[in-house]
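The following pair of complexes shares a single chain, chain A, combined with chain B in the former and chain C in the latter.
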Partner chain A sequence: MKKLLNSHEFVVFLILMIISIVIGFRNPLFFSASTLFDIVRGSIVYCIMGLGVLMVLISGNVDISFVAIAAMTSYSTHMLLLGLGYNGGIGLYLVVSIVFGLLAGLLMAFIVNQFDLPIFYVSLGYQTLWYGFNLFFIGRAMNFNLPEGLVGYYSRFLIKVKDPVAGETGLHVSVVYLLIIAIFVWWLLKYTTFGRGLYAMGGNREVAIRAGFNVKRITYLMLALSGALAAVAGVIQGAYSRSFNPVLFMGQDLDVIAAVVIGGAAITGGRGSVVGTILGVLLIQVLNRGLIFLGVSAEWQKMVVGLVLIIFISIPAIAEQRQGRLKYFPMGKEK
Partner chain B sequence: MAKRLLSLLVVITLLGGFVLFGGGLQAEAEELVFATVVKSVAFNWFIRMEEGVLQFGKDYGVKAFMEGPSVADSAQQVAIIEDLIAQGVDAIINVPYGVEEHEPVQKKAMDEGIIVVTHEASFVKNAHYDLEAFDNKAYGEEMMKELATRMGEKGKYVQFVGSLTNASHNEWQDAALAYQREHYPEMEFIGKYESKEDQEIVYNTVKDLLKTHPDLKGVMGSAALDVVGAGRVFEELGISEETVVVGTSIPSYAGELLKTGAVDLAMTWDPATAGYAANVVAYKIIQGEEITEGMDLGVPGYESIKIIENESGVPVIYGAGWAKIDASNMDQYPF
Partner chain C sequence: MAEQKRGKFPGGFRFNIEDRVLLLSVVLIILVIFFGAIEDRFLTGSSIRSMAFQCPEIGLMGLGMAIAMMIDGINLSINDTANLSALIAGLSIVKLAPFFAGHEFLSIVIVFLVAIATGAACGALNGLLAGYIGAPPILATLATLTLYRGISVVITGGKTLTGFPKELSIIGHQVVMGIPIPFVIFLIVGILMYFVLEYTTFGFKVRMSGTNPTAAKFSGIDNRSIAMKVYILSGILGAIAGIIVMSRTNSVAYEYGTRTYILLTLLISVLGGTSPGFGNVVGVILATFILQVLSTGFHMLLLGVRGSSFFKDFSWGVLFIAILIIDHFMRREKSI
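Let's turn to the complex of A and B:
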């Protein structure tokens, strides 16, 4: 119990609650099922991408190309299936785009592994490459022609609620994908050699190699998975907005990374969790959207998000310092 | 070592393949080079404009092309213009994302002897000419009349602009607001929000606004995607019958929502003819021709232009007329 209370995730959860209560206090309309569902809906794609980012961060790397992979896989899939006259639902979209995402991730891992480059360096170019690929080879126009099977997907709900003010809203079905992915990633991190390898790599790469982890294979799997998750996020976002965009998510890479870091992942590697990532994304969503409920200006809200980020990056550092001091008292040491 | 070289070769071939397809822009000597710079090359709106730009190039024997960032961003757009100045193009036709941010670079271009014609920037300080499809004030008032009639001249409404520094968008909306205050006292203005030309931002903002203002009845859009984001919300909530969405847009964006009536009316002008006409203005200046009131620029809507100097002394050219598009006549506008 004490461990739970001291955990980073709990702190994030607490702050999320406090902020929600403050917003709700100022504007009671914030406390409604429809607000909750809207925030969840707005978070799903970022959570899915965030879980890919989480794995990369845990391994001690930073990748900013996942947004471009999301754009490339979803837009290419859409234009391809449209060209083939596909009329079905989201299923085949997901399958095709996941294949593209896996391939894009594997190619990146190949470059990283062959030349022993930090993922961040490669991802700088890799991001531009895939956006450019979309614009040059696939098309520049946002495409609004949806196959019949996707029409209506944007308002398919698991639970429907009658919004007291505005018609009908609900919990979008895509939350199921998030649940499956979250459980899968959680299982990977906790119970597989791959997961332990990620933490080991992030802790100390040399030690991980000596301990017998196949770092290259882990990198392949990690980037392939991250590419596949980005692809799923891209397709879901396209289905939400009823249009497929060649420059989807452009400029939002750092927002996602920031959310994952707020959720407790260390940018230096070795630490991070699935629950933390989801809470981090939710926290940013609530901060961003609270603006309209509170009626504050966009500039001010940007500053708040920045401050929150700095505070959350400092918390683990301060905690570690304190732990350092506590070393002299063996009883107080947790690790 | 050989293996590493081989893999380097593979990567170079893969990536180099893309580049080879590209081909550079090389102007032949003595040919006039006109660059049209737009907010983003990935918008259908500007892809339609490019048709006009290329047609002008063919008709006048000028090397005319269009460039712009992948996402609407003043900093990137300014950087592109800097490059064009360095290349020594003869004329720059600029559609600035934010007018003020572009003043210095437009001045720099003019100082270098480049002809600068702007579009959607009637407040511009540094340009030889600005070209507008119509009088912005009249357009904004017309938009308000359409909104008010559909709202029964009462109820709450909000406005969206692409950016708070976009001259035309703000001119339309400010004129609309002034007209509403004078003629429709029972309508209530809630606020003017920035969409950043992103329909997801409009979508989330309208959803959250509905919670604070459940009786929100009307939305006015400025950027072509604004009405799409708003229309999606009302359609998904099943309240598109009771709400009114009016604004600038084109059928390739708003088509589906125009058909269902979630977007009530799209107002527009043809970006292709505007792009053509703006290039003609630059051509005539270079040829030493004077631009005069009543002149024919050779494309529909610009057969008899009006010229009015703005506050900074820049002559602003006005074409005639806008188009109103709803479900009944959207087939006549193939863009």
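Let's turn to the complex of A and C:
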């Protein structure tokens, strides 16, 4: 119990509660089932992408290409299936886009492994490359032609509630995907050699190699999974917004990374957890929506996210410094 | 490692031409000949002048990125530092315009001072986070990127700022002895940077700190204060780039260059041969020219192709990864 109370996740949970209560007192409309379900629905895709980012951050790397992979896979899948006259539901969309996502991730891992390059640099090129690819080779316009199976997907709810302001709303079915993925990633991180290898890599890559972890294979699996998760998020977002966008999530990479970092993942220490990531995403979502409920204009969102992120990367760094474990320039390999 | 020796002795000039500079020069010349041969408009005076107007901003940011990379850091916020500095300078000049009636040229001085002060402040926050607090530079500067962009959005409300005094546009539009003023600024800054990095104790400490921070610490170098100074310098370089952008486009937008500039500055920096402990101002400047020649050349070739700017983004991504791979092989050969 004491361990739970001292954990980073619990602190984030407390902050989340405090912020919610403060916003709720200022604006009682915030405390409603529809707001809750709205925040959950808005968080699902970011949680799914965040779980991919979590794995990369645990391994001591930063990847910003996942947003472009989400855009490329979902848009390409949509255009491909549309061209083939597909009329079914989200199932085939997910399968095809996951294949694309896995391939994109594997290609990136190949470049990273084969030429011994930092994942961050490759991902920077990768992001520009895939957005450019999407816009030049696939299409420039948002596409609103949904197959019949996807029509109305945005309003398929598990639990329905009537809201005087927002009308009928509820807990969206895609929360099931998130639960399955979250449990899968949690299991991967906790009970597989791959997961333990990620933490080992993040703690100290050299030691992980000496301990017998196949770092290259871990990198392949990690980036392939991250690509697949981004693909799932892209398709679900497309189905939500009833349109497929070639520049989906552009500029939102930082929000997701911020959420995962706030959730306790640190690229210096091989830390991070599934629960923390989900709480981090919820915190960012509550902050963003809460600002609107408090009557703060939307322009402040980015600045607030930046400030919160700075606080959350500083706290663990200062704590490490207190313990005398500071590496001078933690980005580089230890020399 | 022969490379480490150079720059150690203040006043000592080196005569050996480095492989990287030679290689980049050859690539540059080949590219110029290539584009000049297939495109009549490429080697004309107006095209060369427009290239000289365009490349300084990205080159200055590239230098700012390179110096951060020399201490094993990175400055991802450099483009947003540039935008924020230009924004605050622009706002102050618009607000203070009545006081400077009749002394418009003084307003240019104010713009420079305000922008450089803002850039230095932005850099100081990066230095505080990456140097003193010890946050990983990638995350620290990603966070400040979000913060600076957020501040810019809040200040402007997401709108583009215009309406500066005419005198300000001189920097971005006039030539001195046939050379565009931005290019003159770029060259002066480049030469200053070259001397700072090669012939001062500060430059030497930067190299030491980047090559081996632990050894540097035991030699009495304060890595943290070096990091702080480097990030401040990087912020100032960003601010100068911001002034040039502001003057060239007669406007400041919070989203200027946010799509590809970070990628391009890193590309310039890596292509110029920057790695922890090693930096090469001449290489970075040559890399800037190469990038500009490629950009202008492809722009001319692809003129009329639908969506060619998207193809450009795609090519920058591919080129960046290709250069990382080539750089990998070059470094490996050197270490054998």
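Throughout what follows, the second predicted complex is superposed on the first by the 308 of 335 C-alpha atoms of A that agree within 3 Å, B and C clash if a C-alpha of one lies under 4 Å from a C-alpha of the other, contacts with A are read in each partner's own complex, and residues count from 1 in each chain.
The criterion applied here is as follows: a residue touches a chain if its C-beta (ideal position, glycine included) is under 8 Å from a C-beta of that chain, and two chains touch if they have at least 3 such contacts.
Just so you know, these numbers come straight off a predicted model, no measurement behind them.
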What is the contact status of A:L117 with respect to chain B (first) and chain C (second): first, second, both, or neither? second
Report task. Could you tell me if A:T169 is touching chain B, chain C, both of them or neither one (first, second, both, neither)? Result -> first
*Answer with first, second, both or neither: which of chain B and chain C does A:R242 touch in the superposed model?*
first
Partner chain in contact with A:M303 - chain B first, chain C second, else both or neither | second
Q.
For A:F30, using the defined touch cut-off, is the partner it touches chain B, chain C, both, or neither? Pick first, second, both or neither.
A. first
Does the superposition put A:I257 against chain B (first), chain C (second), both, or neither?
second
Notebook entry, point to check: If you stack the two complexes on chain A, which partner ends up touching A:F293: first (chain B), second (chain C), both, or neither?
Noted result: first
Report task. Examine A:Y46 and indicate which partner it touches, taking first as chain B and second as chain C; both and neither are also allowed. Result -> neither
Is A:I318 touching the first partner chain B, the second partner chain C, both, or neither of them? second
Note: overlapping chain A surface for chain B and chain C spans 111, 115, 129, 131-133, 135-137, 140, 251
In the complex, the residues of chain A that touch chain B are 27, 29-30, 32, 34-35, 38, 42, 107, 110-111, 114-115, 129, 131-133, 135-137, 140-142, 144, 154-155, 163-169, 241-243, 245-247, 250-251, 289, 292-293, 295, 298
Seen from chain B, its contact residues with chain A in the complex are 4, 7-8, 11, 14-15, 18, 21-22, 40-44, 47, 70-71, 73, 194, 199-200, 203-205, 207-212, 214, 228, 232, 235-239, 252-253, 255-256
Per the touch rule, the chain A residues reaching chain C in their complex are 62, 111, 115-117, 120-122, 124-133, 135-137, 140, 251, 254, 257-258, 261, 267-268, 299-307, 309-310, 313-314, 317-318, 320-321, 326-332, 335
Within the complex, chain A is touched by chain C residues 71-74, 129-130, 133-140, 142-151, 153-154, 157-158, 212-214, 217, 223, 227, 258-260, 262-263, 266, 270, 276, 307, 310-321, 324-325, 328-329
